[in-house]
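After this come two complexes, each holding subunit A, first together with subunit B and then together with subunit C.
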Partner chain A sequence: MQSSVDVREAARASAPVRPRREITTAFLVSRIAVLAVAAAILVYAVPPLIAAGSWVSLALLCAATAAIASLYLTRRFIPAKYLIPGTVFLIAFQVFPVVYTVTTAFTNFGDGHRGDKAAAITAIETGSVRQAPGSPEYGLTVALRGEELVFLLVDPATKQVSLGTSKGLTPLAGAEVGVTGKVLRAPGLTVLKAPEAAARAQQVSALAVPTGSGVIKANGLSRAVEGRATLVYDAACDCVRGNGDTWTADEDQGYFVNAKGEHLAQGWQVGVGLDNFARVLTDPTISGYFVGVLGWNVVFALGSVLGTFALGMSMALTLHHPRMRGTRFYRIALILPYAMPSFAMLLVWRDMFNRDFGLINQLLGANVDWLGEPMTARFGVILVNLWLGFPYMFLVTTGALQAIPRELTEAASIDGATPWKAFRRVTLPLLLVALTPLLISSFAYNFNNFNAIALTTDGGPFPAESPQVGSTDLLITYTFRLAFGAGGAQFGFAAAISVFIFTIVAVVSAVAFRRTRKQEEVYA
Partner chain B sequence: MALRHLFVLAVCAFAVFPILFVVSAAINPLGTLASTDLLPNGASAGNFANLFGSDTYPFARWFFNSVFIALVASFASLLLSMFAAYAFSRMRFAGRRVGLLALLLIQMFPQFLAIVTIFMIFTRVTELYPAFGFNTVWGLMLLYLGGALGVNTWLMKGFLDTVPKELDEAATVDGATHAQIFWRVIMPLVTPILAVTALLAFIGTMSEFLMANVFLRDPESKTLAVGMYGMIAGDHRNANFGMFAAATLLTAVPTVGVFLWLQKYIVSGLTAGAVKG
Partner chain C sequence: MRMRALGTAAFATLAFAATACGNSQPASPAAPSASASAPAATTAGNLVIWADPSRVKPLKPFADQFGTENGVTVEVKEISKDNQQTFLTASQQGSGPDIMIGAHDWIGNLVQNGAIDPVTLTEEQKGAFSEKAIQAVTFNGQIYGAPYAVENIALIRNTKLAPEAPATIEDMIDKGKELKKAGKVKEVLCIPVGQKGDAFHVYPIFASGGGALFGATSTGDPDPKQVLLDAPDSVKAFEKLKALGEKGDGALRTSITNENYIVNFASGKCAYLVSGPWAISEVKKGGISYDITAVPAFKDGKPATPFVGVQSFFVASKGKNKALAQEFVANYVTNKDVAKALYEADPRPPALTAALQEVQATDPDAIKFMDAGKEGMPMPAIPEMAAIWEPFGIAETAVVKGGDAAKAAAAAQKAIDGALKN
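Right after this comes the complex of A and B.
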């Protein structure tokens, strides 16, 4: 016993003497605040999770809160204390969605493949319900039992009233039936008047009352009919039978397929491996567009960056001249576009390019369909982007110019360099050292500049033969149309294209960043 | 020198003429797209009055929503990214380089293509916590805070790297804790970059259209971007153009205000951040 105490004391003595921190008020207050926030989150977030019975989320939440609280109560892991707040949001709203999107790239998720197989079977069966021959047509009254919508069904032959819910049909005693065959009053139920029922038309048509041989569904708001599913799933053969045909489940496609290779409209989500990626590359209608769109996309991004930079920089250089007068006034005028809300100005520009009553045609006295012709539309969107973007470049370059000593250019001119040469050899390289990172992020931004296209041309003009891809479509607007467009949603495929876009931008940026580093070694 | 002035004037004209057009449309008593010229042919505040008196468009409400979201979201994201930038610039820990690189890469994924996932997440959130679900400014704000780290953090880290480390060391010797160093030493020195990032975040949030469009369906909860888009969508385009132009001008007011407020820090901040990007 004695020896172990000695060892501990020896260890304590050999440890470096750390200044003991006083326990200040701020220290105490911050600890209490951390605990309070953790407790508040738990109090707020836990009850709904318990009510919904999502135990996994509950466990995750408690673990995360405990981890965060303990992190701020210890004195270790100081970097984590500063990184966690932002990282929590980053993971929840960026990383998780991105990871999930990437995983959908390996599935056929989209219209017809939204849910799992059980949901698809239910949809197929209920979708195939037809009125059974000879089945009765009930008089229908819509009512509420608490919050639940129920049917009151009057058998036309026996005048017997039954209560129909999603559980089934039960006889109802004590209901008062009017002369029209509608139920006027029923014990424990709120009978809905016609306009109230009409307001819930969606709920009414969604309710299916199962009976022994089929389901009862509303037909309008005053009649209900009993119908039978004409397509029925048979677990023994994993197939759907009916209408004199058999559709067998195909787990590769996520569809029920018959012998002729036709499939039922409802499918389910399955993994398709690299099919979506392969489709981008091999499907001639897609890959043909893809290369074309990519080409224009690069032109647009480069054009936007170089154009705004050239114009912004030349303005900054012109105003930087020591004998320049009125710079204050000019500066305000040049920055104005940056202060205007860009979404609104994109829409304004779209209208200025209008053929019939647009300002541009009015001013030029022309009758050009600016956004209706591929080349002028492309020119138009780049011009709009130039207008929106050059004030930023002007600001940035103005700032960077202040950091370059004037003596450098003066020395160059004494050495006999022309102003152009001095600019090329001295000013520009120094500017680029400072600005390349911004130029790269501007490129990445413009490469995916959805708003600039969506709010002006919306990808158009579209050639007659391919209404899918317009001349000003960027990859991102094209993908967006694929994913959510009229042709039906193809989320899996769109996700695969997103992965391609991401790869392209990431590679270009990475290469550009490497080059910057070299440059800095040369000039800095 | 005359040539320089001519050149600058030409570019100024290019910069100003669309805005002049908007002003003209806004004070034009007719206020349609077809009737608007570059120079106004009459003046009235009718469009502004219509805008605030409108029953279909709760403009004042949108305006409040937008400014509120932009102010709170940019302030919160400023704080979050400043924390992270401080850690990345001043501390050495495992995963620092990887973390910085990851931040840069994640930002390059076209975020709104993850919109299906975001939609699904928030459908669930709406069921559990209606206060943070669809149609609420708080839900949208949470989503915007997902992008708080990223470019901002890089910009600030670049600036922080230029603040001499000796300052913190001196403070540590005097017995300051890391929290005291952060709030009392670092924060007062980085106002320029805070101003720039705040401005960029504010402008970005005010103009954000896509996420807000998915998120806010209820007329009362819309932001300016979503609401004003609805104003000239479809058949209303020509008729409402005067009101739209008036709304555009009013939308610019908070941005210009923030700009003027932060102006003196902005140029130096932009440069210093850019140098180390």
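Right after this comes the complex of A and C.
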């Protein structure tokens, strides 16, 4: 698909007169690198694709490689040379996940509904195979009759040897049985040794020896058991029969359901239309708490952004002051939290907030149940996020400050402005023009800051009346619990929620960006 | 960063996207990772086993031996995170292993996703395991895994501080409070609660107080249609937990968490620890003289039955070499030496009676844990169990902090029933 796009792009790109250009080293190296990577992927992926018989993938792979080769080996299609790598990454890492998430939202994909119907039927039938009552557990030896794989079955009690083929079971005379119960020699047959049998393991599993009451199948390579599937799928009625009951396929639910409304455990993936979206909107455990969680979510995201920005900016302004000494040392010290893995630091913070064993209470000599009370827990997570986030704001503000000429503030002070006024009226607006897009993306990031909550409070503390929603739950942690906590993994439902959250964040960001543009018009 | 912000749902999506690209867009950079496992999985005579880090090393020599005996190569691959989900996702895509190692309570979920096949054990093989182990790996009347280790929690006691094993919970609390008053310990009891509760560890005490999770079906399996958390007996049990909590005896405290409870015991901050075999190495490091007994029951209470978990080998139903996998699981790892080697790497009592007897000669702890779990209840393997843990734990935390027991039980019941659509 992608290669056809390439060709079209390329065709359009080739139309204008191509400028002559010099061949620089960088140009040569980058060209060789791209071709080498494409060739390497081709060489690496072809054998497994052939082995797996994925001819469509193979054709696509070859076509894509050919397209890349023609693109970078010829002197034409210059814009495409730059566009293609970006497009590939865009499709692979942005477009595909989004499309996949949205399509998943319309299915019931999740635990119990992972595979297709055929897989569910196989699982139901294999899972229902019971050993035939009173049947022996045969000792198994695999042998060849000509080219045909056969079983030599030894009854452990009588030491009687039988020959099992896909036609049935016949007694076999003249076989020599060893002490372990394995057949050593049999007339007219080639007895396979363990490695030879193992090499044919797939044939061994496939062979079923029919008997009156079921089939004898290998159980490993040294034993065979007579069993019978107690549940059997009947294509005529699209149902599963057995155990005195009938389960009919329900394509809306992706389950086999009986008259009592009970279903078999194994289901399959079906499209459920807008069900997942409807569930998000109508489920009382979601709609009942939605406003509260959204409110706190906005407070958390705003608190995190404004807090980190205020702190980071003050630090940057302090270090930017011309009379400040030892700025390099301070800068390194301030970057430190940024350099630590936030994953580990969040867990460390959680333990520091522990009432009886935590560092904070020990230092303060207090006995506050930080993460056990709603308000302190909320304060705690914002504090942790502040600590983790301010170095980033410090960095970007430092960068933006370098771009603001000092003459501007000096001119302001000559005009009689106080330092505060100069900052309010001159520096801050100029900073904001540069930083607002970053603040918005930081807001969007913190709006969905799963780690900050999941690793410190995990949504808690939870009021006794509502174990589903905790005081510090963000939309993302709260819905993660709904989608992956109680009912096993429900990817379809989770995807629907993701779409909703994406919509909220997109709307907030769009509005904010629109306002920024107006601001830019004023100051730029 | 942006990826992370989309949440875990998107993570899963991404994982799929990466592998799906392997099929539809072979030129994309994601292709190699998707096809990397393909050659291994498609070659006949190659067995792939997935195990968690602590079991990879002890399993390796036996896997190699099995490989040599059968003329195949056996690869033992380490999976360290979200093993069950990783296995399910991989096996759905056909890049999963032939054999998976995991806890028996996964069985229900693995079966409903069609990820594992039943394992046929002979009567003789079944007889070689402890009855509880076989009971645990049986689901819907079928055995779905070969058990190799049995684990349950017990009461680990600092014998210097508390020389006598307590007969009842009341005795234990009294002794703990006495020691605390005398300044010898800081906590009455080390049992993890945390801000979200810990249903697994508190369950024996809850059961002794008369509490129950599920009713039983006609076949004696737990019945997810009958959740009993809100039943009068369970409410009474929650009240007993409340009496042990922060406003009562102070034996259950939210500040004792899964991260600090073993450390606290190992550093002598409490005389009693409720934990499993995994705690022993840490306790030994702390130089504590200890003894292991069953978690005591309330005076006039029901038995304090811990959950019993059984580590097992599963045959993946989408594996490429099922005959070999069956051979390995049913006829090879039921071998005593394998059980012992796994025990030595990670000292949890072997499920194989013969291996347990040999192990107990050098390590008395194994049999003590086993004895402590005698009355235990195999953890329900039904997929619905997933709905229990969190609401139960949150109700526990609520009462431990002094909340109303009836209200907490009712809310937990409602949440669970809602999740199970009862």
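Simple rule for what comes next: the second predicted complex is superposed on the first by the 320 of 524 C-alpha atoms of A that agree within 3 Å, B and C clash if a C-alpha of one lies under 4 Å from a C-alpha of the other, contacts with A are read in each partner's own complex, and residues count from 1 in each chain.
We take it that a residue touches a chain if its C-beta (ideal position, glycine included) is under 8 Å from a C-beta of that chain, and two chains touch if they have at least 3 such contacts.
Owing to the predicted nature of the structure, the values given are computational and were not obtained by experimental measurement.
Of the two partner chains, subunit B and subunit C are each touched by A:F450. In the superposed pair of complexes, A:L49 makes contact with subunit B and with subunit C alike. Of the two partner chains placed by superposition, subunit B and subunit C are both touched by A:A92.
In the superposed model, A:D458 makes contact with subunit C only, not with subunit B.
Looking at the shared chain after the overlay, A:Q266 reaches subunit C, while subunit B stays out of its contact range.
Contacts of A:T104 after superposition: both subunit B and subunit C are touched. Of the two partner chains, subunit C is the only one that A:R355 touches; subunit B does not reach it. By the touch criterion stated above, A:F500 is placed in contact with neither subunit B nor subunit C. Contacts of A:A483 after superposition: both subunit B and subunit C are touched.
When the two complexes are superposed on chain A, the residues of subunit A that touch both subunit B and subunit C are 44-45, 48-49, 52, 89, 92, 96-97, 100-101, 104, 351, 354, 356-357, 444, 448, 450-451, 476, 479-480, 483, 491, 494-495, 498, 501-502.
On the side of subunit A, the complex with subunit C involves touching residues 1-3, 38, 41, 44-45, 47-49, 51-52, 54, 57-58, 60-61, 64-65, 68, 88-89, 91-92, 96-97, 100-101, 104, 111-112, 114-115, 119-120, 122-124, 126-127, 129-131, 137, 194-202, 204-205, 218-223, 225, 227, 265-267, 285, 351, 354-358, 369, 371-372, 444-445, 447-451, 457-458, 460-468, 476, 479-481, 483-489, 491, 494-495, 497-498, 501-502. If you check the complex, the residues on subunit A that touch subunit B are 19, 21, 26-27, 30, 44-45, 48-49, 52, 78-79, 82-83, 85-87, 89-90, 92-98, 100-101, 104, 311, 314-315, 318-319, 321, 323-324, 326, 330, 333-345, 347-349, 351-352, 354, 356-357, 359, 362-363, 387, 390-391, 395-396, 398-400, 402-403, 433-438, 441, 444, 448, 450-451, 454-455, 476, 479-480, 483, 491, 494-495, 498, 501-502, 505-506, 509.
Residue ranges on subunit B touching subunit A, taken from their complex, read 1, 4-5, 7-8, 11-12, 14-16, 18-19, 21-22, 33-34, 36-38, 79-81, 83-84, 86-87, 91, 93, 96, 99, 103-114, 116-118, 121, 127-129, 142-143, 145-151, 153-154, 158, 175, 177-180, 182, 203, 206-207, 209-210, 224-225, 228-229, 232, 237-238, 241, 244-245, 247-248, 251-252, 255-256, 259, 266-272, 274-275, 277.
Residues 1-2, 4-10, 12-14, 16-17, 20-32, 35, 38-39, 42, 44-45, 69-72, 85, 88, 92, 108-109, 111-114, 117-118, 120, 122-123, 140-142, 195-196, 253-257, 259-260, 264, 317, 320-324, 326-331, 383, 386-387, 390-391, 394-395, 397-399, 401, 403-404, 407-408, 411-412, 415-416, 418-420 of subunit C touch subunit A in their complex.
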